[in-house]
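Read from first to last, the chains carry the letters A, B and C; within each, the first residue is number 1.
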Amino acid sequence: MTVPDRTSPAIDVRGLTRAFGGRRAVDGVAFTLRGGECLALFGPNGAGKTTLLRMLAGLLRPTSGTARIGGVAVPGGPAVRAAVGLISHASLLYGALTALENVELAAKLYGVREPRAAALRALEAMRVRDRAATPVRALSRGLQQRVSIARAMVHEPSVVLLDEPFTGLDAAGAAALTSALVALRSSGAALVLVTHNLDEGLSLATHVAIMTAGRFVRFEERGALDAPAYAAAYRELVARGA
Amino acid sequence: MNDSTLHSHAPPIAAPHAGTRGGGPDWLFVAAALAVAGTLVRAIWFTPIEAIQGPAQKIFYVHAPSAWVAFLAFGIVALTSILYLWLKDWRLDCVAESSAEVGVVFTTVVLISGPLWGKPIWGTWWTWDARLTLTLFLWFIYMGYLVLRGAIEDRAMRARYSAVLGILGALLIPFIHLSVYLFRTLHPMPIVLKPSAPSLPGDMLTTLLLSFASFTLLYIALLRARYRLATERDELEAEDRT
Amino acid sequence: MAPSTLTAALLIARKDLAIEFRTRTAFFSAVVFALLAIVIFYFAWDPTAVAAVDLAPGVLWVIFTFSGLLGLHRSFGVEMADRAIDGLLGAPIAREAIYLGKALANLVFVAAVQVIAIPAIVLFYNMPLAGRAALAVAAIALLAAIGLTAVGTLFSAMAVNTRLAELLLPMLSLPFFVPIIMPAAQATARLLSGRPVSEAASWLKILIAFDLVFVVACMLAFPHTIEE
C-alpha cells in the first residue's frame, strides 16, 4: 500500500529512532494521532523535536522503528509526501522570487488545480495577499514566516508538521495562523505542533507531550489537564536537565 | 544504551573484533613485507639483465605490479561503493576509504617509477603516453576522493558522497583511457597477457609473477591495517558522542 | 494529481532561470570571466611562434569549461539559502525530476554564456568559422555542454554541503571534463583545418557516449546526494 487512506490513523509512530553517529537524537518514540487531533510537543533545545518532524516529513530516514502517515510508512513515495505539509525553522522559500511565485510553485509541484487561485487563497488566509508581488527577501522575517506557512498549506495537507511556527509572528500573524490551524483541524487534518510556548500549544492541542533527550517523557490527552500544574511539571523536567 | 537494537546504519559501538586490537605485530604485514623484499632481491641479483633496456628494466618489477595494485584498489573502491549505497553498512565505507588511500599510495609509486624507467629508455622524464597519463588522472580522481572525505563532517553524508564519487570515478576511467589513447600512445604493449606464448624469458617472467603476487599481498596487508584504523576511529567517535 | 517527472523538471528549471534572470550576477560574471580569459590567453602566447588560429580550439574549450563551472556553483547555493531544497524534497515529485530540472537550467545557463563567448573567440582569434564548420562547432558545443552540466550539477549538489565548497567543485569535476575537452578540441581543430567530418567521428563518438553514460549515472546517483 503506497497511498495514504483515511481509515488508518493519520500518524502512527512506533519505536522511532534516529542516530547521528552514535548519538540518538530520537530514541524509541511512539504515539498515534487521528485526523482532527493536534499534538503539542514541548521540549528544550536539542531534545530531538526537529529530527522527529523531519522523519515524519520523509526528509530523514529512521535508523529503526516506523512512522506511518495514513497507514503508509515514511519515507514513502510521492503519494504520502503529498499528504504532508511542513513548516520548518527555515522558510523553504526562494528569496529572489515573489511571495506569489513561491506559493504558486509549491501548488504546481503538488499538482493543485488552479494553482494561482489556490496560492492567492493561501496567502489571503495568512493575511499577506497584499504582499503577493513582493520578492520574499524584501519582506520582514514575520511576513516571510506567513508566506512560508501559506506555502506549506496550499495543497491542503491532511498532516501538518509545524516547527516553532509562532516564532517571529506578530499578534495579527499569530491570530491568522491560529485560525488557519483551527480550520485545518476541523477539516480533519492531524497536526503536530512543536513549540516552546506552553500557552499557545495547550490552547490548540488535543494531546500533549514533553520530549527530552530523544524520548517522550510525558504523553497524555489535553482533556482536563490543569495548565498551570502542567507548566510547573514541564519546568521541573527541563530544569532537571533530563 | 542497548546496542542490540542498533541498525546497521549506526557505526558499531561494541567492537566486533575486539580481539584484534592492540598488542602484537601485524603478522600479515610482516609476511607481505618479507615477500616484497624477497621478490626485489630476486629481481636485482638473481634475474638476468634485459639485453636492450639494461638495468633500468628492473624498475619494471616495481612499476608494473604497483599499477596492477592501483587498479585493483580502485576496483575495490567502486565495488564497495556500489554495495554501500545498496546495503548502507559502515564497514563497506571503511573498506572503500582504506582501499582508496592505499590505491593512491601505489599510484604515486607508479608515477615515480614510470619516469625513472622512462628517462634511460625513452630519453625523457615525462611523456604524455596514454597509460602514464591515465595513471596521472587516476591520481587526481582519487586525491579528489580523499579530499572530499576530509571536507565532510557528517559520517553518513561522507559515506554516501564518497560512494557516489567512487562509482563515477570508475565509470570515468574507460573514457579517459579512450581519450588519451586516441590522443597518442608510445607505451610498450603488454608483454605478459598476449594471446600467444609470453615473450618474456622464463626467469624474468617468474620474477614478474612473483612481484605481482607479493605486491598484491602487500596491498591486502595495508588494506587490513588501514581498515582497522578506520573502524577503531569510528568506535572512538561513537564513544565520544555517548 | 502530482505532476509528471518531466513537468516537475520543467517547473524547477523555469524557477531556476527566473531566479537567475532576476539577479543576473552569475551570468554576467561568467561572461566577463570568459571574455577576460580570451584576452589573457592571447597574450600568454608568442603570436610570431604560434598562430592565433592554431590556439583557438584549445582556448575555446578551456574557457568553455571554466566559465561553465562558474554557473554550476550557484546552482545549489540557491537551494541551500533557506533550505528551499526541503520544499522540493517534500513535494510529491520524483528525485530525478529535481536533478533534471537543475541540470536543464544549468544547461541553458552554460549555453547562454557560450552564445557570447564562442563568437568572441572567433572574432578575436580570426577563426575561419563559417557555414558547415560553424554548424559542426555548435553541435559539438551542445554535446559538450550536456556532459558538463550532467556531471557538474551532481557535484554542485555535493560540494555545497562540504567545508570546501568553492574549491571542491573544480577539483572534483575537472578530471571528469577531460573526456569532454579533449574530444571537443580535437574535433574542432580537425573541422577548422578543413578535414572531412569522418576524421572527427571517433572523437564525437566518445563525446556522445560520455553524455549518455553520465546523464544516466548522475541521475541515478543524485538521490543519494540529497536524501538522508
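The rule we apply is simple: a residue touches a chain if its C-beta (ideal position, glycine included) is under 8 Å from a C-beta of that chain, and two chains touch if they have at least 3 such contacts.
Every value quoted in this text rests on a predicted model; they were computed, and no experiment measured them.
S.K.: By Cα centroids, which chain is closest to the centre of the whole protein?
M.R.: Chain C is the most central one.
S.K.: Does B-C or A-B have the larger number of C-beta pairs in contact?
M.R.: Looking at B-C and A-B side by side, B-C shows more C-beta contacts.
S.K.: Please tell me the distance, in whole Å, between the geometric centres of subunit A and subunit C computed from their C-alpha atoms.
M.R.: Result: the chain centres lie 39 Å from each other.
S.K.: Based only on mean CA positions, could you tell me how far subunit B sits from subunit C in angstrom?
M.R.: Roughly 32 Å, centre to centre.
S.K.: Mind checking the centre-to-centre distance between subunit A and subunit B? Centres are C-alpha means, answer in whole Å.
M.R.: Once rounded, the distance between the two centres reads 49 Å.
S.K.: At least two other chains touched by the same residue of subunit C: list those residues.
M.R.: 228
S.K.: Which subunit B residues touch at least two other chains?
M.R.: 156
S.K.: Any chance you could list the residues of subunit A touching two or more other chains?
M.R.: In subunit A, residues 61 touch at least two other chains, as defined above.
S.K.: Sort out for me which residues of subunit A touch subunit B in the complex.
M.R.: Within the complex, subunit A contacts subunit B at residues 17, 19-24, 61, 63-64.
S.K.: Residue numbers of subunit B touching subunit C in their complex, please.
M.R.: It comes out as residues 85, 137, 140-141, 144, 147-148, 151-153, 156-157, 160-161, 163-165, 167-168, 171-172, 175-176, 178-180, 182-183.
S.K.: List the residues on subunit C that touch subunit B in their complex, please.
M.R.: 151, 154, 158, 161-164, 168, 171-172, 174-176, 178-179, 182-183, 186, 202-203, 206, 209-210, 213-214, 217-218, 221, 224-225, 228
S.K.: Considering the complex alone, what residue numbers of subunit A touch subunit C?
M.R.: Per the touch definition, subunit A meets subunit C at residues 57-61, 75, 78-79, 81-82, 84, 86, 88-97, 101, 105-106, 108-111, 135, 151.
S.K.: Would you mind writing out the residues of subunit C in touch with subunit A in their complex?
M.R.: By the definition above, subunit C touches subunit A via 1-3, 8, 11, 15, 18-19, 22-23, 78, 81-84, 86-94, 227-228.
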